[in-house]
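Could you have a look at this structure, given as structure tokens, before my questions?
Going in written order, the chains are labelled A, B, C and D, and every chain counts its residues from 1.
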Amino acid sequence: MKSARPETFRDEELLADVICRLIGDARHVAVGAASPIPATAALLARERSGGKPFVSLLGSRAHTFFTDGARELFDCAGQGRIDVFFLSGGQIDGEGNINLVNVGDYERPKVRFPGSFGSAYLYYVVPRVILFRVGHSRRTLVPKVDFISAPGGSPDNVFRPGGPVALVTDRCLFDFDRARRRFRLVSVHPGHNLEEIIENTGFEFDRPSDVPVTPAPSADTLRLMRTVVAPMLAEVYPQFAQSVFGVALPLPTA
Amino acid sequence: MKSARPETFRDEELLADVICRLIGDARHVAVGAASPIPATAALLARERSGGKPFVSLLGSRAHTFFTDGARELFDCAGQGRIDVFFLSGGQIDGEGNINLVNVGDYERPKVRFPGSFGSAYLYYVVPRVILFRVGHSRRTLVPKVDFISAPGGSPDNVFRPGGPVALVTDRCLFDFDRARRRFRLVSVHPGHNLEEIIENTGFEFDRPSDVPVTPAPSADTLRLMRTVVAPMLAEVYPQFAQSVFGVALPLPTA
Amino acid sequence: MARITRSLDEAIAPIADGCSLAVPRETSGAAMAATRALIRRGVKRLHLVALPTSTLQADLLIGAGCIETLETSAVSLGEFGPAPRFTAAILGGTIEMRDATCPALHAQFQAAEKGVPFMPLRGLIGSDLLPHRPDWKVVDNPFGNNDPIVLLPALKPDVALFHAPMADREGNVYIGTQRELVAMAHAAQQTIVTVEEIHGANLLRDPLLAAGTLPGFYVEAVAVEPRGAWPLPLPDRYAIDAAHMAEYARLAATAEGFAQYLERYVYEKRAA
Amino acid sequence: MARITRSLDEAIAPIADGCSLAVPRETSGAAMAATRALIRRGVKRLHLVALPTSTLQADLLIGAGCIETLETSAVSLGEFGPAPRFTAAILGGTIEMRDATCPALHAQFQAAEKGVPFMPLRGLIGSDLLPHRPDWKVVDNPFGNNDPIVLLPALKPDVALFHAPMADREGNVYIGTQRELVAMAHAAQQTIVTVEEIHGANLLRDPLLAAGTLPGFYVEAVAVEPRGAWPLPLPDRYAIDAAHMAEYARLAATAEGFAQYLERYVYEKRAA
């Protein structure tokens, strides 16, 4: 179904552009492990606005200001000083619960994912968490996750300044209504359509009567991504920078 | 009453020597604020044994290994890695309670001391705390302190691996029986005597039938103190190093 | 986000009357030039938190009538004797004292740093500090059995203020091994720093310097004040001015002498 | 106390069968040469604690049958895909897994560092991690009102093991900005470090180096292993060996391929 889209940009570039717009005017965006497209978006947001926001890429030396070790990311979030973070899930359900642990029973799983990383904390304390998942299907977007690494919402008496604001997939963009704990379709990416979204989404979601198409990245955005952001990515995501942007792999010795 | 003592060493030198012997074969001796004589003793202990124990002088750059800021002393003690520490008190009582806060009522004190420093923690967690107090009198060694900065003992269910082992004054040396929470006179310093100790001590204490005289520091000890230890002290205790050992005051600029 | 240094008076502007102000111990870099500027400006009703102790800095602010509440573990002039204005204020009942113990203050800042409401601490039980600190609670250790332990609430000051060897133009501040300054800045809403000098390059770009650097992200303002810790010491830079400290101890022994000291060294802006 | 470096096999001798072993994340300096030596020695029944995640190091030890219990927040090969021996072990039920979340592990090490029995942490409530961790407790925040909060027990490993750029002859180890290594060493009973090289002078005597140095007081043994993190990266020294990682991911996908990998890169002691 992708033939309707002009081949002037890659999926990854569109998704980074979508995420970049969601970042908005944050003061500090942090990006965790294994998140090359959110990292692209965060660096793009910084370049677009002349040095704002602060960006902290986990695993980077050049694109982080942290000097207090691996725990500073979490301390900083606990202080309320991280505005935007990104999470994904082996499964994500319609209430915004994410599963980074397993499919099936915890004691006898059918599939095992890497683990919860910092999700069981950051999802609660970062005001705006953007969920990100490529491989949009009924296998990944499920009615109910098999294991809740971190819940999409919490009872009123649980300390929770943070939570999900949106879910970006390779097919579309949802936003999230925290009060109702429910996703709403915002736009469908170029080359995709509503029927396909419904067919491939395991949970129910709201949608406007007329669903817009996600705007394509501008030429200027593509230029920034390819010429300025891509080389920065190679430090932490050499494989991604090479396969998406053609950046040469770094040598194993410095 | 000091005329009986040969004038070959100073009071401070005797006391540092007494404390040095109490340090014994510790692995790590830490010295807190405003403790020049314990600092002398700790450095002397290190010099006597060729580099053992580790010595940490609060406020020193040269004589400490701490690199994790002001809290490392307390964390290190909490880990059980400090064997010997020193405390004093505006008042010390016969149960080993120390008072670094005030005389009289807390709300309307008659005398105010600087404050409890780290005593309300270190007295509990450092296995061997040596109490040190010059100005041995009924005003300082009292039947009951007016304010307990840190108690000499704790109920069995209170976590307390540490506590007092001895009290060194300018007149004598006591050790401390933790089970009975009671001091016992060990020796009387040269030039002092038992009647004077009894007269000037506000609390009851045990004593052997024959009270020995505290041994004078050896010529070798005095040489080490004066030539090796004294210059080290000047960094943290310039006034003390000058007045006791004649070390020139450092210039205010480095 | 590029940052610029400010004048001393601009930098300390966020230290408003009635705010809670955190300052470090004497040997970690006390912002004494800034302290004198605060006194000249006539700041009032400060809740001063000295992590974990103070010397001249607290005594000066108390004597000058800037302090309503003092929260710390000890105030003295070290080798130069008791802190005279602190002692007078306590005996006169003119300040509210919250007596603490050093590791409790560290733990309270670390709780704020971690975004947790409290931190446990051993010790303290049986100390008379405890009945005078209703904000400290004793609970039974949920991991123990009949094992009382103290919980201390997070301490989140409005402003942290200290003096450091250098900063760069991005507001990154070199603090070296004085790492409680990092916890202090993490805990505080705003951090204001005076420095000896501006370092020409970005401190975070040099791995050796980065290891001792507080990121500018946490820093509200930087003012350049050479010898800004005087007469107190700055680690690896200068020692305490012993003659001045002795003069202070002598003058501050009386209210009249202290007024003379203020006139001579604070209001006249005279410094070494 | 003067300290001397040891051979790699001597240095890792304290890592006994059945002990709890703490290791850092991939980007902070994983002691991979030491890990291969442990596998060659045939260490068994380790309780591996990866602070807060692991990649190749955990996967290798699992595949080689050295692990009884794994306590961490995630194991993958990052850009090189899932961690195959970890995944196989979980699906096969051959290791005991204690799933955590990164800040919980940091807090548990910090509790041990501070000598407190537990540390509170926000988040976690409503996560399925909680019912699977009976050692984590939910209490009502004593400073709040109907405010549940999780308490995590102190984690005090028998041994901490990591790789760093340099150490001196006193055992002082330069760790730069990887400060969780400091908390790890403070928490552990013993700390064993491999380094790229020996620094000729005392690291603590140079104020710039001291700010990034773990004091030798906390260090049990140091072994010199140039490229000791290979094929993983060492900050400011070398990047990950991507070709090798891809080869590992390919071989370790099957038990047979993993056995070949061990034969070629671990038992043959071949390295870059």
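One rule holds for everything that comes next: a residue touches a chain if its C-beta (ideal position, glycine included) is under 8 Å from a C-beta of that chain, and two chains touch if they have at least 3 such contacts.
This one's a predicted model, so the numbers in the text were calculated from it and none came from an experiment.
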| item | value |
| --- | --- |
| Neighbouring chains common to chain A and chain D, by label | C |
| Pair sharing more residue contacts (C-beta pairs) when A-C is set against B-C | B-C |
| Furthest chain, CA centroid comparison against chain B | A |
| Length of the line joining the C-alpha centres of chain A and chain B, rounded to whole Å | 59 |
| For chain B paired with chain D, centre-to-centre distance based on mean C-alpha positions, whole Å | 41 |
| Interchain centroid distance [CA atoms averaged], chain B/chain C, Å | 28 |
| Sequence positions of chain D contacting 2 or more other chains | 110, 114-116, 121-122, 147, 149, 177, 182, 207, 210-211, 235-236 |
| Overlap residues in chain B, where contacts from two or more other chains coincide | 61, 66-68, 74, 78, 125 |
| Pairs of chains satisfying the touch condition | A-C, A-D, B-C, B-D, C-D |
| Interfacial residue positions of chain A with respect to chain C in the complex | 28, 51-52, 54, 61, 65-68, 74-81, 125 |
| List of chain C residues in touch with chain D within their complex | 107, 110, 114-122, 137, 139, 141-144, 147, 149, 151, 153, 175-177, 207-212, 235-236 |
| Chain A-facing residues of chain C, complex | 1-2, 112-116, 172, 182, 186-187, 204, 207, 210-211, 213-218 |
| For the chain D and chain A complex, residues of the former touching the latter | 24-28, 51-53, 72-76, 78-80, 82-83, 86-87, 90-91, 93, 99-104, 106, 110, 121-129, 132, 146-149, 177-183, 230-231, 235-244, 272 |
| Chain A residues touching chain D - in the complex, by the definition given at the top | 33-34, 36, 59, 61, 66-71, 74, 78, 100-102, 106, 108-125, 147-151, 154-155, 157-159, 237-240, 249-254 |
